[in-house]
Amino acid sequence: MSTTSVSIEASGSSAAKTFSAAVVGASGYTGALLAELLMRHPALALSAVSSDTQAGTPVAAVLPRVRTDLDFCRHDDVAGVDAAFVCLPEGAAAPIVKRLLDAGSRVVDLSPDFRLSAEAYSEWYGEHPYPELLPGVYGLTELNRAQIAAAQLVANPGCYPTAALLALEPLHALGLQDVIIDAKSGVSGAGKAPSERTHFCSVDSDLLAYGIGGHRHYPELQAGLDIDGHGPALSFLPHMVPMQRGILETIYVRAEQHPTACELRKLYAVVYADERFVEVCDEPPRLRDVAGTNYCRIFVTVDERAGRIVLVVAIDNLLKGACGQALQNMNVMLGLPEQEGLL
Amino acid sequence: MSTTSVSIEASGSSAAKTFSAAVVGASGYTGALLAELLMRHPALALSAVSSDTQAGTPVAAVLPRVRTDLDFCRHDDVAGVDAAFVCLPEGAAAPIVKRLLDAGSRVVDLSPDFRLSAEAYSEWYGEHPYPELLPGVYGLTELNRAQIAAAQLVANPGCYPTAALLALEPLHALGLQDVIIDAKSGVSGAGKAPSERTHFCSVDSDLLAYGIGGHRHYPELQAGLDIDGHGPALSFLPHMVPMQRGILETIYVRAEQHPTACELRKLYAVVYADERFVEVCDEPPRLRDVAGTNYCRIFVTVDERAGRIVLVVAIDNLLKGACGQALQNMNVMLGLPEQEGLL
Amino acid sequence: MSTTSVSIEASGSSAAKTFSAAVVGASGYTGALLAELLMRHPALALSAVSSDTQAGTPVAAVLPRVRTDLDFCRHDDVAGVDAAFVCLPEGAAAPIVKRLLDAGSRVVDLSPDFRLSAEAYSEWYGEHPYPELLPGVYGLTELNRAQIAAAQLVANPGCYPTAALLALEPLHALGLQDVIIDAKSGVSGAGKAPSERTHFCSVDSDLLAYGIGGHRHYPELQAGLDIDGHGPALSFLPHMVPMQRGILETIYVRAEQHPTACELRKLYAVVYADERFVEVCDEPPRLRDVAGTNYCRIFVTVDERAGRIVLVVAIDNLLKGACGQALQNMNVMLGLPEQEGLL
Amino acid sequence: MSTTSVSIEASGSSAAKTFSAAVVGASGYTGALLAELLMRHPALALSAVSSDTQAGTPVAAVLPRVRTDLDFCRHDDVAGVDAAFVCLPEGAAAPIVKRLLDAGSRVVDLSPDFRLSAEAYSEWYGEHPYPELLPGVYGLTELNRAQIAAAQLVANPGCYPTAALLALEPLHALGLQDVIIDAKSGVSGAGKAPSERTHFCSVDSDLLAYGIGGHRHYPELQAGLDIDGHGPALSFLPHMVPMQRGILETIYVRAEQHPTACELRKLYAVVYADERFVEVCDEPPRLRDVAGTNYCRIFVTVDERAGRIVLVVAIDNLLKGACGQALQNMNVMLGLPEQEGLL
């Protein structure tokens, strides 16, 4: 075994890595997955993983997939890193993001704390501790690349808006009038905390339509579809489906213009021609084609009988909908190749 | 063990059963489930189960849940029964239904062969061998009870239309303008034949939007929503979800009138007040509340921001969406209590 | 609708029901399912459903499948019923069982509180408040029918022991030497309380071997296999599988005698010839053949290469492994046909 | 978008790749996954993907995850590659392997065609076309590294034997007497061909014990456990579990020596100290800790009551149990770092 064991560790070595990176908050799904991605990133060295409840414990004992010698530290102990990914609940993220920014780190915040305008934030969440920082640069990479490259703080989008806004972007030019987003998500979107709702026997063989009164991603979608204060009539209804990961959204649109299905596919092909992580496809996408990747796949057609545009869009909610896009954004912020460390 | 073994068989005895019943075509999910239901029905005696490919084999060897001593017979051998349930593929059902009708049996046909008008049938399926029998009495029990009671042949509705038409019925009075049915179904709806699409590894952890160009249930929905030749703009998009049974439909409606959510719930409560198998509920229904039963649960509300009515409706696709409703219809046809043999 | 609505309620009427029945503790899976079964039982009238946390709430609001007008009462309010099913956690059951016995009710206790001898109980659980009641009559119906018929209190067996002891019973005569029970269970066996272990994302696409150090069902198995103080070397290792319901046990046995597979099947056929709910089958049973029923299906063969008997046994853990057998026992206690109210 | 799009393709470039590689037979799960792994391998350039039924079609149209410009070629068109992975059914692999060997390629064969001795092969499969090539070098990398490094042909192990033989290896020294392998596998192990057995509705919520009479992996296990013609009494019983990927094996062992659990863990830690892809763990491994990786995780303990060693071992059946180990073997054959291209 001796001859090969030397080289085995080579690619895992952090000697050649350019930037130090921290995951702040690794008790949930996104923090754990980001730590795993960073371990394999060729230019970012995982230098800290925090969890206030697990501080002092070896990371690998709690997260066997993260094969590192690091122990968990406390959130407040994270300092001096080039790149910080904040994976904390809403409200808890803002003060820590502020501290890391003041200390000079580049920050991608995966919480909703910096996604909205000050007005929208106060309407949906209440008072914000740093309204002057609102809204952060919205990290939908394909749509905001230039601002992201120049930003110190990027607000990583919610999973549902990521899929919907990528799918709807090319239609803005047609005059959006009416948009219905019927979204289906895996259970990881509901987070890791055990609850009646996430119990296996509650989810398996069942479907849950939830957030009918108003899901917290609604204002984010609304802001993304609004142009000069005018947005379409927007309905957004998420469903929880018996699977762990993935979001599939079926979107029904009425627009002022009425292109054919063929014209629409050409439009989409042009808009996303240079994008590595967005694929326009000839039939409705499957989650298995994006699972474990940072890709977004979009299908567009026209329901001739009803005179309506229909879109089907698929992403992995934990990757393009969270950790993958966060890493994509950080790559852009650091001037690295955008796909570095991503599948 | 001797003391109780005598009484054990009592309730299974067919001595007291009033009518003889046959299942024609028990190779698929619906035929097998109907045979199981009939075994336990207090007034219908299971007297024949047919399968051309299994003829001669003991039923219980193939379908262990159907604890009967019957052997499978051939379809053509079914004769002289009071009640026949035809569970054959489209096209194959019609000639056998015709023969059974001529022989005097009451027939519930679970195929689409008798659901449509002669015009709609020829548009979607081609020529019908007995166009003079079209359309059969449409077996949505709650809406057509009187005609069903008088019929010799009932065309059992498709699973998707059953849920949608029950959910939409009370809204007809408001002037339906625009209807989008985003349907999610378990895999049993795709039938028992093995295919790439129904392979476990294709379904699990995935979602499939299918039939976008035009699902065979579209004309049935269209016919059910049409009033005097005027129907709403209708989109219907089914999705296959990683679960065996159940249909959940989320329906987005624009109508001429704009009642409040509260007014709508009152309307639904009135319309379905006397119905045992339709329940109007205060929050979106779950499949687990209808699984294994003949119930349909409906939730209605208004999306205030978009000015739209939203419905969520749930049924077990193999029961209220197929076998359960078939039995409910036969009970009505035979003058038996409507819920007999149903949970 | 009026013509049939009268008869619809007929079979649900409790007028003709002979005995009153209560479910004590309906917050978990077993209590809820027992309430549902009792609603449909022809001779037992559901007269009380208790839950200390839900007292005062309509049962149907919490458990939509239990279509009753009853409100939840407190455990202490249950009194004067002919038949009581106690579905409380270990330790909580004993005092309430005692009170109900003193008041004259017949009781089936689904907890482990009365299953063991006083010695075994104190070793595994600590001190028992009523050691003089230990062990209760062990409610494995097929093996203990006479004592159950005469009992006021029956200790309903655990789910794993029900399957294993039914499968092993015919082998006692061969001199059991070595028994390994490799058990696979659905998640409902872990109960309804949310936990990291029962989170959908923890269970789906995974398997958990648990209780390796000593599962609480071990002493119950040991007692069931012990004859005159001599039992086989026994290993019992349960696994949690990504499904809601069902137990499949693969059992590897060495015995003093070495019958052929053919002789074993004959032996099993004879032993269980008169049992409605035990079926000896020609190939390994599937859970789908017992799901939703009170049946136990057993396959027995010989692994010729290793000289070992191999058994595969399947039950629905919530029915034959809990509620179904509880009802079967109560039927026997009350002198009703044993299968009454069971599928 | 222009600034980053240049660098995006850099890491996918095959310019710097040292060896050309072909996947022969990409219609099934293993071929498709190998193509995906090779796309990302830093030193192996994917230069051909064959499928006789898909020849001429773009690979990416059929396998969207394999983002390549290649078209499928025919098996017979694969030639002149440094490294070939043969993913064909048993029997179909041998002639193509022979041709590739004759042409000078290094070959890893994922079929069972070269795993057994000529005697064992003829007993289980019939006559072999090239018995002089039997047995091939058995590619359990950790146990056979030196021979693999020197081989032109490596027979990649079956998924079940990979897990079992890694788990049992350290116990050979204790004198194995009796071994029971109770294996649980995801459905992908049954292959991609649709069948009644792999239909979603057959698998979901169910468990299948299969191959009781003799699974084709039995002789491979037997050969691996045999020392000087003496092997333990061996039982092997696989079960299909409702999940796509992963194998968990619970192994019950009696040995001549009786070490404590603590001694066993030390033994395992020593044996596997230098192995990157084998981890000895402190509690039973979970599939989620190995899913999508090439790792094998092993837990060892002693069941004190029965005096038996118990092992639990987990791998991803498509990676360490097939494609991952195939790539690990090819890395060794080519003198590359063993973990290159593997997670």
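Should a chain be cited, it is by its letter among A, B, C and D, assigned in written order, with residues numbered from 1 in that chain.
The definition used in the following text is that a contact is a pair of C-beta atoms (placed from the backbone, for glycine too) under 8 Å apart; a residue touches a chain by one contact, two chains touch by 3 or more.
Source: prediction; values computed, not measured.
In terms of C-beta pairs in contact, C-D outnumbers the other of A-C and C-D. Seen from the Cα centre of chain B, the chain whose own Cα centre is farthest off is D.
Rounded to whole angstrom units, the spacing between the C-alpha centres of chain A and chain C is 46. Separating the CA-averaged centres of chain C and chain D is a span of 41 Å. Contact of a single residue of chain D with at least two other chains is seen at positions 202, 204-205, 242-244, 288. If you check the complex, the residues on chain C that touch chain D are 178, 180, 182, 184, 186, 202, 204-210, 212, 214, 218, 233-235, 237, 239, 241-246, 248, 250, 252, 284, 286-288, 291, 301, 303, 305-308, 310, 312, 314.
Across the complex, chain A is touched by residues 1-2, 4-5, 7-8, 10-11, 40, 64-65, 142, 145, 149, 205, 274-276, 279, 281, 288-289, 292-293, 297, 332, 337-340, 343 of chain D.
Looking at the complex, you find that chain A touches chain C at residues 29, 187-188, 192, 194-196, 198-205, 242-244.
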